[in-house]
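The structures considered in this document are given below.
Here chain A shows up in two complexes: once beside chain B, once beside chain C.
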Partner chain A sequence: MGLLAGLRNSISNLFSSGQKQRRIGIYGPPNAGKTTLANRIARDWTGDAVGPESHIPHETRRARRKEDIEIERNGKSVNIDIVDTPGVATKVDYEEFIEHDMEKDDAVRRSREATEGVAEAMHWLREDVDGVIYVLDSAEDPFTQVNTMLVGIIESQDLPVLIFANKIDLEDASIQRITNAFPQHETVPLSALEGENMDEVYEKIAEYFG
Partner chain B sequence: MPHQCTECGHTFPDGSKEMLSGCPDCGGNKFKFEPAADAREASAAQSADESTDAAATEHAPDDPAAAQPPPAADGPADASSDGSPPDGSDTPAAVETEDGAQADARSDVASPDDLAAGAAPGTDDIAASDDSATLSAGETDPSADPTDPADDSDASDTDGADDAEMAALRRELDDQFESIKILEPGQYELNLMELYNREEFIIALQEDGQYVIDVPGSWHGE
Partner chain C sequence: MSEADDSSAGDADGSGVQLDMISGERMDQLASMEKIRLILDSVHDGNIVILEEGLDPEEESKLIEVTMTEISPDEFTGIEIETYPGSSKSSGGFFDRLMGRETETKLTVIGPANRLETLHKDETLISALVTRT
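And now, the complex of A and B:
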């Protein structure tokens, strides 16, 4: 945790009402459903949305934060800020966007912004989060370099982490594959889009980050 | 030849205290350290010079593999690479030459001719002295034998080889340390560990490949 972030947390704690506000980063590869999840959580507890969702990868290119979300579970309440981060990748190529019928100039710009977004996401991970929700697409292979590296970094920071196996509404979804990939962490299945299993999602958030 | 004066090329054995008061030949106070492996390479290249003449001297710097020392060269490595001119002498003679050179360095005062020859590369061209500091196999002591024409051709060949090696090294370092590699506009490779480890926060990529970064120490507005 950076010195600056620590100082800032100390100051904010001084003026807070006593309940610690945890900043939870939503991380994961592109198109895992991070923004859909962030919107679901924000809508369920505040009525607002966090950002636009899209099936085109790297729709989220700047980290977006929704502050002071109060989640009540089993008579307890936790206050969290959620940070929806750009999808993390080791390669960003504008040609991927051209396949989604985008003009080349727009695709190149999106690619550049997405790259900046990854840098921003990594910076947030280093400096500004107290816990991580790691979102994976259950229909995709979780054994990737990005997933291994990011989860490793999160573990090295000793941050509490929950693995969310998203998109369980898809035909190819395999929760077991994700559980096998990260057996050291608790895996919570859900569909943020359909709102499936959100009760367990909030229970686990309250348990891990409360 | 563990230590070599970068000005005149005078060599010193490992642990020599002579260097502490400056090079006895030219007064220089910058020395480069040649580990034993380098000395063996130098020895191998030098023996190649002796055995095959000019063609081999051009080949040796171009092909690093060719400069690998044969096992037999390990023994006299230090002895034959002390800057004495390659005169076809056998191993015992080379050892004697080293002793002679050391004794000469300790006792004799350098002649004005030697000083002029030693000073020439450093005073004429700074780049030349830089090159001499990075010379490798086959030319351990160019100034010690300024009359040897093979030295000049070796130097130019080695310059090319050094450039190629530097370019390869730069590529390797780029691969290793660059946090964002711009393959072409719109195509990027990201080194996640590097991005994570850096304190700077890259906030914008420019069209021309430059970064705009937020340096640590500035206050991030809430």
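And now, the complex of A and C:
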């Protein structure tokens, strides 16, 4: 956690009698498994889901918030709202959706909604979140410009951040590659789809955002 | 009108690819939105923009946001942008600014997504292909 964020938390705790509700944004590139993770967390602690999951990029095109999730681990508990955000990209081409057997009109509409969603996600990051879970696909190269820029933007906001190396159930997964890409942050391996290592996920959430 | 604006028709006959190399000194004189406008206007013209000192994280965030609002099917699909990954270690956070520590500068390449393709990138090398479309 950054020095400023820690200081801010300490001051906040001094003056608040109850537990503060923190808004945690789930960020990352398209298809990293952000919605699968949001659904896993929401189902484990509230029984509800957040939104539909898909292998087609930009399935999530609006930020979705799930409120009042209380996570308890090792005597620590944290009350959070999780915000599942659209995958961030610097380009959106409707032809990418046509390759997923979509009609042109649907593909164009999806791309328009996707661009609005990315802009919305950037706005949330600058204005409306208290911490970030940055989700990466462990089977993909983490050295991308979007990852570099987003982690830099998060750091510049002095927000506490956890890197989640998702999809460790895949054959090509490499946790070390992600650790090497962002050595300044703690990396937690998991498979949101299979529910692997969720105990550590919840421990870290309670520790970082509690 | 800026010199970069004047040169927007540099590839009018489609015979080449125009590079706009913008110094840190020139960018320092501009407000954030002026920087973003300068970059995107050039990229809309099909040019490749090379920034000597790059953008700060908040400007990068706004660049993504404004780019998204300008994407149009069959006309503009967005931008390709590259800097070295190590730049994320230099956050330019509050205490850095308070203590007068400058954000690390980073050479940045920006182009239209349909003309600039990154072939390879690691901590020390960016290899990109520029096409004439």
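In this section, the second predicted complex is superposed on the first by the 193 of 210 C-alpha atoms of A that agree within 3 Å, B and C clash if a C-alpha of one lies under 4 Å from a C-alpha of the other, contacts with A are read in each partner's own complex, and residues count from 1 in each chain.
Keep in mind that, in the parts below, a residue touches a chain if its C-beta (ideal position, glycine included) is under 8 Å from a C-beta of that chain, and two chains touch if they have at least 3 such contacts.
Because the structure is a prediction, the values reported are computed rather than measured.
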item: Clash-or-fit label for the pair chain B, chain C on chain A; value: clash
item: Which of chain B and chain C A:Glu116 touches, first, second, both or neither; value: both
item: Which of chain B and chain C A:Lys76 touches, first, second, both or neither; value: neither
item: Partner chain(s) touched by A:Arg126 [first = chain B, second = chain C, both, neither]; value: both
item: Of chain B and chain C, the chain that contacts the larger number of chain A residues; value: C
item: Chain B versus chain C as contact partner of A:Met149, first or second or both or neither; value: both
item: Touched partner set for A:Thr90, first chain B, second chain C, both or neither; value: both
item: Partner chain(s) touched by A:Gln184 [first = chain B, second = chain C, both, neither]; value: second
item: First, second, both or neither for A:Asp158, with chain B first and chain C second; value: second
item: Shared chain A contacts, counted only where both chain B and chain C touch the same residue; value: 2, 4, 88-94, 108, 111-112, 115-116, 118-119, 122-123, 125-126, 149, 153
item: Touching residues (chain side chain B, partner chain A) in the complex; value: 179-180, 185-193, 195-197, 199, 201-205, 216, 219-220, 222
item: Residues of chain A touching chain C in the complex; value: 2-4, 88-94, 108, 111-112, 115-116, 118-119, 122-123, 125-126, 143-145, 147-149, 151-153, 155-158, 181-182, 184
item: Chain C to chain A touching residues, read off their complex; value: 56-58, 60-62, 64-65, 67-69, 71, 73, 77-85, 87-95, 113-114, 118, 121-123
item: Interfacial residue positions of chain A with respect to chain B in the complex; value: 2, 4, 8, 88-95, 104, 107-108, 111-112, 115-116, 118-120, 122-123, 125-126, 146, 149-150, 153
